[in-house]
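Below are two complexes that have chain A in common, paired first with chain B and then with chain C.
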Partner chain A sequence: MFNRKYVPIFVTVGLFALMFAAGSFRYTGFFSLQVILNLLIDNAYLLIAAVGMTLVIVSGGIDLSVGSVIALTTMVSASLVQQHGWPPAVVIPLVLAMGAVFGSGMGAIIHYFKIQPFIVTLAGMFLARGLCYVIDINTITIDNAFYTKAAQTRIHLPGGNTVSVSVVIALIVVAIGIYIAHYTRFGRNAYALGGSEQSALLMGLPVGKTKISVYLLSGLCSSLAGVVFTFYMLSGYGMHAIGTELDTIAAVVIGGTLLTGGVGYVVGTFFGVMIQGVIQTIISFEGTLSSWWTKIAIGLLLFLFIVLQRLLSSGKAAWKG
Partner chain B sequence: MAEREPILEMKGICKEFPGVAALTNVNFRLFPGEVHALMGENGAGKSTLIKVLTGVYSITRGTVTLEGRTHEVRSPLEAQQAGISTVYQEVNLCPNLSVAENIFIGREPRRLGRIRWKEMNARAKVLLKERLHLDIDVTLPLEHYSVAIQQLVAIARALNVEAKVLILDEPTSSLDQSEVQQLFGIMRKLKGEGLAILFVTHFLDQVYEISDRITILRNGEFVGEYPAAELPRIELVSRMIGKALHLLEEMPKAPASAKSGAETVAEAKGLGRKGAIEPFDLRIGQGEVVGLAGLLGSGRTEVARLFFGADRPDSGKLTFRGKGGGTRGIQSPRQALDNGIAFCPENRKTEGIIDDLTVRENIVLALQAHRGWFRTISRKRQEEIADEYIRKLNINPPNPEHLVKNLSGGNQQKVILARWLLTQPKLLILDEPTRGIDIGAKAEIQKLVLQLAGEGMSVLFVSSELEEVLRVSDRIAVLRDRRVVKEIADQNISQQHVMQAIAGV
Partner chain C sequence: MNRILKHHLFWPIAVLAALLLFNFLYSSDFFRIGMRGGRLFGSLIDILNFGAPLILVAIGMTLVIAAKGIDLSVGSVVAISGAMACLTISKGTGGDSLALVLTAAGAALGLSLLLGLWNGFLVAGAGIQPIIATLILMVAGRGIAQLITDGQIITVNSPKYQYIGSGALAGLPFSIFIVLALFLLASLLTRKTALGLFIESVGVSPRASRLAGIRSGWVIAAVYVFCGFCAGIAGLILSSNVASADGNNAGQWYELDAILAVVIGGTSLNGGRFYLTGTVIGALIIQTLTTTIYMTGVPPTITLVVKAFVVLAVCLIQSETFRQALVQRWKTRRYPAEREVARHV
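Up next, the complex of A and B:
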């Protein structure tokens, strides 16, 4: 029997293939491996943040602090490296730890005080964004040798194609995300939590630990995304990555994850990010369209996917009945 | 069996919640290899006892011993580890996960921290097949299967924890007949393997079919423990309800003789709904009070809801001689209202009263809705109406501007009654109109029902209090296990008759 749970994933992958094919027919020079790789280069940070967000949404939560944590990471990194002269080898682990602590703090508040994740992470979003300006209200440009090297190094692939260091990091994160989600107890507990928190509790699963870990992981992914974003922008700024949490949520949903929790795949999120990238690429190839058309296309796609998910889940109910 | 050691023994269990004693001196024993039914009406303390056993609640006083050792658990997980597994009425599994995962989650087979899916699926398949005779695709999400299969998966999960005691809390409430038989087959097999099973159900037939022993609770108190074979049904029912038969006074009932011959107002023919109530016939005449009697879960409310069109029947027909005089079918609450059927639902807090509105506003609500929101009723007229009904029904305090939430339960109930009476229904359906209100208010509502019937209104009266049904009804339809089993009219109405019908003897 064909397993219906994979339908949203197939739709996402199919949509990506379709868009890429359409772009390839319409624009010369579109059909190449490098175009796909550029999608990854430009969206590496989004991909990393989206992996963390996938687990959060699968567990039935939401994390609105992603964009702010990215901005705060760029700011702290830039300030420490540039203004205080700390070595990157110290700064990077430090900002990653900061993201993890920030995330687990939100998770703990959500769990112990039984507050909706929406409001807790909304508070986290304002807090992290505000902290950026405490450090500096202006852009801090980074000219540290390690960062510029990380930004400019290209890894050569056969066929003359290249990727950045960030892409490698992002792909490793995706691989780890898939492993955690499907092959570890923690990952499965997150799915159970998203399916029914009450049941998870009665089945004797460690609900609190899982919940806090999910937000910890999302915070960690956000700060790693912030590090990669720093490589990409070579600066720290309080206005960086505004609205990225919403792009991430969009990517996760387009990737077939249910916002109600319990259902979704990290690999779907990968394609969700790629679809957003391909839309941007098509619009830049078109040349005459403003980049805001990306938003319109993503908006329409989101509608499409939400309706699709509703149809699939009501179809499931009809089947059972 | 009695000379054997019980695997589980609870002695003198008391559980107090602030201001309420939920359990008082309850004893319970469970032997290996038996099915023990825990019986009692709603609020008798069955769920509380189970929650004590599974570590959801802690006890105030008393001792629990499991295999001779003191059993103290603080969470469902600890209870499971001690060998007590529970399958709840609402399947408490994760519908989004696969069948295999639902059985194994938290205990997945792993190697170096990596879940071994193949091994897990294979073991789940074997477990289901060998112990529960269930051959299904264990990789599909649980929600793809019927509630019956989900129930079995829940049992499989319980068995997989090396359970010694299996608690089945109303496992059959959403299963059909053949599914129940499948479940019973499995229960017998498990019993044969030495498992102790605590079985909670509202279905008497099922209790006698599967149980070896019965413990009865009433109002949080221990009534007794009996071997099932030595406890006649009628005894069981009277002990649950709390009336020894020989103590019952025969209640003189004012005969409403002519009424049963009265013109038919509503008639159900073969009306039924799968999983709720089996097809039944029921006629309600003009000015007649028809009572529905039966234990909790016997299908009383379901019948009432079908009469109002609140649930869609999947067989049979309901005809109603409406306001226009002609007969017509009722398919939705809207149609029911238009035709003059009013329904006071069981739960006034959630389905009837609007807390933050005044008595006046609550009373005119249904009439206003009936007229349409644009043909408003003038404030003056509203006040007149409110005053009239406050007087008529003796609502206290007699202040139409009082907020309803500050009224007592009985007075809230009267406000709801006023709301529906105002629409001048031909048929009034009352589902548990006196639950949770004091005796004085109860008597007043009963009197009112009789008075309305005297004025020609037909009433369908549902109540879990048998005495009350007996007092107001001209005719009683007795329900058991979701079937209308008997209709008792006028001269034959007596508590004994009805109880016998409920017990099915």
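Up next, the complex of A and C:
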């Protein structure tokens, strides 16, 4: 039962429980189901993007375009719905398809021309962010009935707690992510690819198809995150979600996924996002601490987890390069 | 002719020349350099002056990339260094004394060296992948910079400090001389001593270099310290140019611009070979591009789109597979081994 490979996940879950317990003892009103649900409500978009990122990182790549694709999605949705009067039923599938095409395009360049994912997705990040400004440099506020309804609808749970529609979407995405990663052939291929691309190729696995699909999924997740972010902000703006790619990478790493690829769990990512949320909540409850402590705390956690992984992954040889 | 085409600086210089030519055709004022108040001014001088921090960061980044690393934290270090210097000056007494400015610069550079050492320790000592190791400081560094400035924008009123970024020496911006000095230092150290060879060798294979008797760990740590130092100086120039420090926005996206400059300059991200002159030209290309976009009245927001295509084009040209696909179009026989030989002749 107690397998070495589960250690990072246990640490992540334990840390989340510890932080939540510490917050509950320190602040009144912290210990409630609604606080946890609020974590989900505020971080639904991050959770969706992080699921896609987990698959990319597991396959040994990285996707820096996440934040920009979210911004581009909000911008395109807002522009089409608000300025051109398109119905949301057309716009949402369209932006999702756009994200998928964008992601698979980057994946194809990475695979066929053998350029580092870091650089290709960096170009993708510039491109998507730039396209936002081409559409409009100002904020476009959305007052479409469907979007406001999606933003304000609260689903009531027993006990008087509520969640938003976005949370339901995010949880479904997490469930699908877990299914894809651990119960499908494609998921196993992605793990194999992350473990060693050469071995995967020699084993006859469809390396190219897997690689492109992984980036396609990440693009799709990012644009879905963008749709959810549009519900959350009710506007489109080129400066939305700046730095989200870092938050998602941090969540994935804190969740126990190895950045070298091949090892990781979608469940871990879920808790990685929740830990970031708890840090923000604690800092806002504390009141005297400023927002930049979030960044320092996340940096510190990143460091802890990377060192932990380093120690676990290569036992004795870890400290002598 | 063929040798000129094959030279590693050919494409960067050609791109820069094309950009300058475009500017010349667009507006003949572009090359005019005037004299006002004992200093030269003009678009070309502006490019050098505003490009100075980027060139510095890119020089540091070149050596890191040559050693098969990458440093994502430079933007944060730029912000931290500027914040530290401005804080020291605003807290210090004596207003505009030379001692205070030197203390401030010393404190900022000391801190940058320390941050570089931290990166170096993580990569060389703990053996963590460079992207991840420097990601830590990239995320936390912004927080640290804001911690130093207390979330405010610190403004300083110290002509001596402002001299670093906007002063003039012999008619030219002082920052150009700083860049020149550092570029010469880096070139001499890497091309006139064995250090450059060590870095390239470590970039190809750290393990083989160690077996050959090179202290790989120390070489790797040294390039990160140097990169931190360069970013620190860039932070000083940037903050002194605007006489203020902004923990949140100073040096934003510098890591990406610097990496781009290095790649445009012909240094491969795979490590093992580097061109400092190419990097400087790469940084100048980026700065000229930005200036051009501002000048031609294209909305500056499109800069990012243009940049995206430049990055992609440069990477495609560098990609072995892409070139092979192209070359096969017009030459049937062209084996990698032959090309490798041709490149070294």
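Here, the second predicted complex is superposed on the first by the 314 of 321 C-alpha atoms of A that agree within 3 Å, B and C clash if a C-alpha of one lies under 4 Å from a C-alpha of the other, contacts with A are read in each partner's own complex, and residues count from 1 in each chain.
Assume a contact is a pair of C-beta atoms (placed from the backbone, for glycine too) under 8 Å apart; a residue touches a chain by one contact, two chains touch by 3 or more.
Given the structure is predicted, the values throughout are model-derived calculations rather than measurements.
After superposition onto chain A, partners chain B and chain C are found to sit side by side with no clash. When the shared chain is aligned, no partner comes close enough to touch A:Ala89: not chain B, not chain C.
By the touch criterion defined above, A:Arg310 lies against chain C but remains apart from chain B after alignment on the C-alpha atoms of chain A. The larger set of touched chain A residues comes from C, when the choice is between chain B and chain C.
After overlaying the two complexes on the shared chain, residue contacts for A:Gln116 are found with chain C alone; chain B is out of touch. By the touch criterion defined above, A:Ala145 reaches neither chain B nor chain C. When both complexes are overlaid on chain A, the residue A:Tyr133 reaches chain C alone and has no touch with chain B. In the superposition on chain A, contact of A:Ser196 is made with chain B only, not with chain C. Superposed on chain A, the gap between chain B and chain C at their nearest CA atoms measures out to 6 angstrom in whole units. Residues 319-320 of chain A lie in contact with chain B in one complex and with chain C in the other.
Of all the residues in chain A, the ones that touch chain C in their complex are 62, 109, 112-116, 118-120, 122-127, 129-131, 133-134, 137, 238, 246, 249-250, 253, 259-260, 290-296, 298-300, 302-303, 306-307, 310, 318-321.
The part of chain B that touches chain A in the complex is made up of residues 75-77, 80-81, 86, 88, 92-97, 101, 105-106, 108, 110, 113-115, 117, 137, 139-141, 143-146, 157.
Note for the complex: chain A touches chain B at residues 1, 3-5, 179, 182-185, 188-189, 191-192, 194-196, 198-205, 262-263, 316, 319-320. Within the complex formed with chain A, the residues of chain C that make contact are 70, 124-129, 131-133, 135-144, 146-147, 150-151, 206, 216-217, 220, 247, 256, 259, 263, 269, 299, 301-309, 311-312, 315-316, 318-322.
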